[in-house]
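Chain nomenclature is as follows: A, B, C and D, assigned in order of appearance, with residue numbering initiated at 1 for each chain independently.
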């Protein structure tokens, strides 16, 4: 019984990590139709930003404050990834609107460069981020099952990001402009919306969220130049499975993949579990090519 | 009379996410007939064409071709093979290919992979295409990239492609939309020419254009059949006038009481 | 139409010129071949220019394996520098030729071929993964080159063209399993990355457990780059092993140990022994997570030998105080010295002569005295089991006392009969 | 279009092709063994690029899974070579994976003919099955591309996981002879090189035939408007399936040749990275032109080989930036650049732009 409860929680936890990783993509890919293969590298940038924040605290601030570095690391990761996203959009992505497959190839090149850049700056080996003490340990529930605080924290962080994104996209002026541009660029431009600015902001926000994902991942896994490569394909699967352009779809996609992954891995083993999950995704997309939550359109193409 | 009906739509209903674009629409097209389908925006004219050519599956009702073949469950390419050609509102040509190549692949022929792989351009084919080029007035531009043609030329090219397909029924969606007056006149001539040999359904907004043809007109409104008859009959009809003059509410009331 | 043809023609011109350029680039190579009048034998001379001996260094500088391999390059370069400072080999300077294997096995094969036949290096130091070694092996055998491979591996191999300066199974895995059975318990859980080394190692461990009275309570492999271990940790919790024998590779270790700690399992609750976690990896995982866990190696930075003291000192002086040394780094460093000693002894860089001279060659390595076993071309090494301390260093819990003779095919173990290769 | 008068330019271009072929065939005369081996490998890559160009450049389907087809072909050949090296007994890796008996599906690979046939049929069959479902269900564009990535993950994970049967991460290496001829001998290598050149030329001619036929025009029409062509009466799914299958078969042939030259195949060659690289060769050479695709493969691999030797630490910067610049600012690749130079001179006739339309 404990095991099933724990596995349920693990499934939820994996779902939350996948969702966090895919949220940024849901914006850049889902809304802007840019297949950003450098998304993984933006996650990596977020992780290294956390590492740098930690070092800053370690070197310049009193020991007693160290545990709070992580609180600062989240906005810092967001900010740095945001800036990288902005630069990327202004120098490159803006030439690629309407050419999704080209954007895939070009951003893949960007990814290569960023990885090598990280290797040059931080060295090829992994770096260590010491998680703050207040995230050590876990919550013990009724029958002694331990739910690690870090996993709970990531779940909370994802929910916070989702809520923030929801309010930004659906409740703010900026968000309204963003939706307008994404739905009908020409019309929005005619109505006086600066599409250039909105594009840049949207892409940068998507990148910033990747940065937050990177920050959260330092709690769970390695921090190295190839960090992004471990998550990029999974992130795309989440967005595609969920249905491009719908936040609800992305949430459902992440939950589906996370839960099934845990289930299959528990039944079989890690390799076979992964294969089964991907087979399911392929099969599902055959059945529903537009994903779980599809947007219908009457246009010819 | 029923025997010569080449296309018969019975009680066709199309629903998009709860919105009924077409409701219980019936249409009968005779062999060799030129039919205009008119109506205000959102009347379901284009959707009706979509149903006939297989782009949209009707929620209810059936469409019969040639008196016996039910085409509601067939795929687009099968319907096209049967002999129903469709011209879309926006010119749907293949922009990266030359005018000649566009016509070549549209030409009536065996469309299996094997046949196309070993297809040779016969003199007879070249004559057919040449004839068609002259008819649509693009003989000078056969080597041009189709994407580089003007809007009107693209429309004619598409009509030319349709004709080479030699369909029994041709479905045309606003063939003169966006054309200059001169282009419109030329298209009108083309249409006369076409209508002599096959059945044609034309969706059109331009009443002036429609008036040039002495043929039957079907008026649709809110997914339903409003009126069928000659242009004069249609124009003298009160409900049609109301619909076109925008007295919608009254029209609804009058219809619901009718 | 005509114009299209014309630009295709331009492209063709480029194609032709490309091929010609390729040829042009090779005229040099071809002419050197002619000059030495022996295209294939020339490959082994290694003495291309007066007063210089070229050696190849072929590790991954990019890709996923760069994590581990760049430090080995550093160690090898340092050894070359030291030897050069001390007068070189045969009075000549050693010149390293660096190539990037890019964590891609066919690239390793290609670059190995290039180093031997184009650069005409005397020997190559390179490889980390078993896969990269297996990819290079046929090339070295075909061209009669010489490879020094510096990493512990799964054994069952003894190529006449490779010297193995890392441990084989009987110098790391087998003694560590015996030690664990004696000191930590009988119930083993085998966890590894899904590739050749863990699978072969576990095949051996399973035979050994059968023979020495251990219990196998679970066996799991995770894809390389796997980052979530929650389910596997659940399985481990259920199986309640005394020991988790960990053959995970690289990044997976970070995820595994971080998540193991979060799941409330510490070194006090359960022993884990790793064979791919050295000082370098500890820095990337975090000491707080690893403290108290075990590892089996032949060398630690803390190993107390006079040679090691200077080695660590020099390494830190050259590459920075924050750097650490580790087993593969020491093995790479040792490889260069062993080769240099063999060349001195042979008086030539000729592969056959070097191999002959290397037989039973001894050297005081930082990890203790090593000796090349003439038959298998592996080296005698001391086995050490260590525990991770709070400062990121290992405390040695046990060592084999003397250097253990390499036995890559485990011929000295009765229980290993079924593991012998079929041919 | 059909009439191809022997204009001077046409004669020149034929001479050009003949010269290129002659240069390729005579390369062993002036190139060192190592370079020849390298060139042979690049030519094998050029063959994949041709196949990839058929589906991407001409049909507008971007497959990021061509590494699989390439790899499956390579594995078929590798199995044959491995069995020949081990004399029909279980190869070494089966031994250290605890497998004592040769698995049944390995046995027929003892025969060269069977292995070669399988090297084409297996990838083609996989592509056919995959294509049947995806194209019939009208999965296209980005979705198809991401789907192929999922297939890549499935295949590589399975290959790695079944070490006893496939050699795992190591792949299959350590061959000795091909039909009794030692692979290490320079003579065998030279012959294999010529075989590769012949295969490249053969496949090039075949691709030209496919593209020039009406079938090829339908493919381009599908690229321009997949939905539109349905209403003319073509079923695009069938065409896509066929060309995808042909493309996979070509990749399989390339894979077999690759193994013969490189002497190793491992799952890493089937992964996402090599699959994307293959697409980049085509992108850089120029999608939608056969010679561009082939040239792109040779050029890129040559550059990669040279850069990584010259700057082992920084070569990825070069490559990454090159990809970015070419894809963003030269969407038609090198081939496009050459024709742009021509068009600038004389930009009246729009016909020429036909071949250079973006596929997406």
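Heads up, the rule we're going with is that a residue touches a chain if its C-beta (ideal position, glycine included) is under 8 Å from a C-beta of that chain, and two chains touch if they have at least 3 such contacts.
In this text, all values refer to a predicted model and were calculated from it rather than measured experimentally.
Undergrad: I need the common contact partners of chain A and chain B, sorted by label.
TA: Where chain A and chain B share a partner, that partner set is D.
Undergrad: Report back the single chain whose CA centre is most distant from the CA centre of chain C.
TA: B
Undergrad: Work out per-chain C-alpha centres and flag the one nearest the whole-protein C-alpha centre.
TA: D
Undergrad: Once every inter-chain C-beta contact is counted, which two chains account for the most?
TA: Ranked by C-beta contact count, first place goes to C-D.
Undergrad: Using the average of all C-alpha atoms in each chain as its centre, how far is it in Å between chain B and chain D?
TA: 44
Undergrad: Report, in whole Å, the distance between the mean C-alpha point of chain C and the mean C-alpha point of chain D.
TA: Inter-chain centre distance comes to 33 Å.
Undergrad: Approximately how many whole Å separate the CA-defined centres of chain B and chain C?
TA: Here chain B and chain C have centroids separated by 72 Å.
Undergrad: Which positions in chain D are in touch with at least two other chains?
TA: In chain D, residues 1, 157, 160-161, 225, 228, 313, 316, 349, 351, 355 touch at least two other chains, as defined above.
Undergrad: Among the residues of chain A, pick out those that touch two or more other chains and give their numbers.
TA: 115-116, 271, 274, 300
Undergrad: For chain C, which residues are shared contacts with two or more other chains?
TA: Residue numbers touching two or more other chains: 1, 61-62, 194, 221, 223.
Undergrad: Where on chain A is chain C touching in the complex?
TA: Touching chain C: residues 3, 6-7, 10, 13-14, 17, 115-116, 119, 123-131, 136-138, 146, 148-151, 219-227, 229-231, 262, 265-266, 269-271, 273-274 of chain A.
Undergrad: Would you tell me which residues of chain C are touching chain D in their complex?
TA: Going through chain C, the ones touching chain D are 1-16, 18-20, 22-23, 25-27, 29-30, 33, 39, 61-62, 98-100, 102-107, 109-111, 113-114, 117-118, 129-131, 134-135, 137-139, 142, 154, 156, 194-196, 199-200, 203, 221, 223-224, 418-423.
Undergrad: Spell out the part of chain D that touches chain C in their complex, as residue ranges.
TA: Counting only chain D, the residues touching chain C are 1, 7, 9-10, 12-13, 16-17, 19-20, 23-24, 27, 30-35, 37-39, 41, 86, 89-90, 92-98, 100, 157, 160-161, 163, 168-171, 173-175, 184, 262-266, 268-269, 289, 291-292, 294-295, 298-299, 302, 305, 308-309, 312-313, 315-316, 334-335, 338-339, 341-342, 346, 349, 351-352, 355.
Undergrad: Can you tell me which positions in chain A touch chain D when the two form their complex?
TA: So the residues of chain A touching chain D come out as 33, 35, 37, 92, 95-96, 99-102, 104-106, 108-113, 115-117, 120, 233, 236-237, 240, 244, 271-272, 274-275, 278-279, 281-282, 285-287, 289-290, 300-301.
Undergrad: Looking at the complex, which residues from chain B come into contact with chain D?
TA: 53, 55, 75-78, 80-81, 85-86, 88, 92-98, 100-102, 104-106, 111-113, 116-121, 126, 143-145, 147-148, 161, 165
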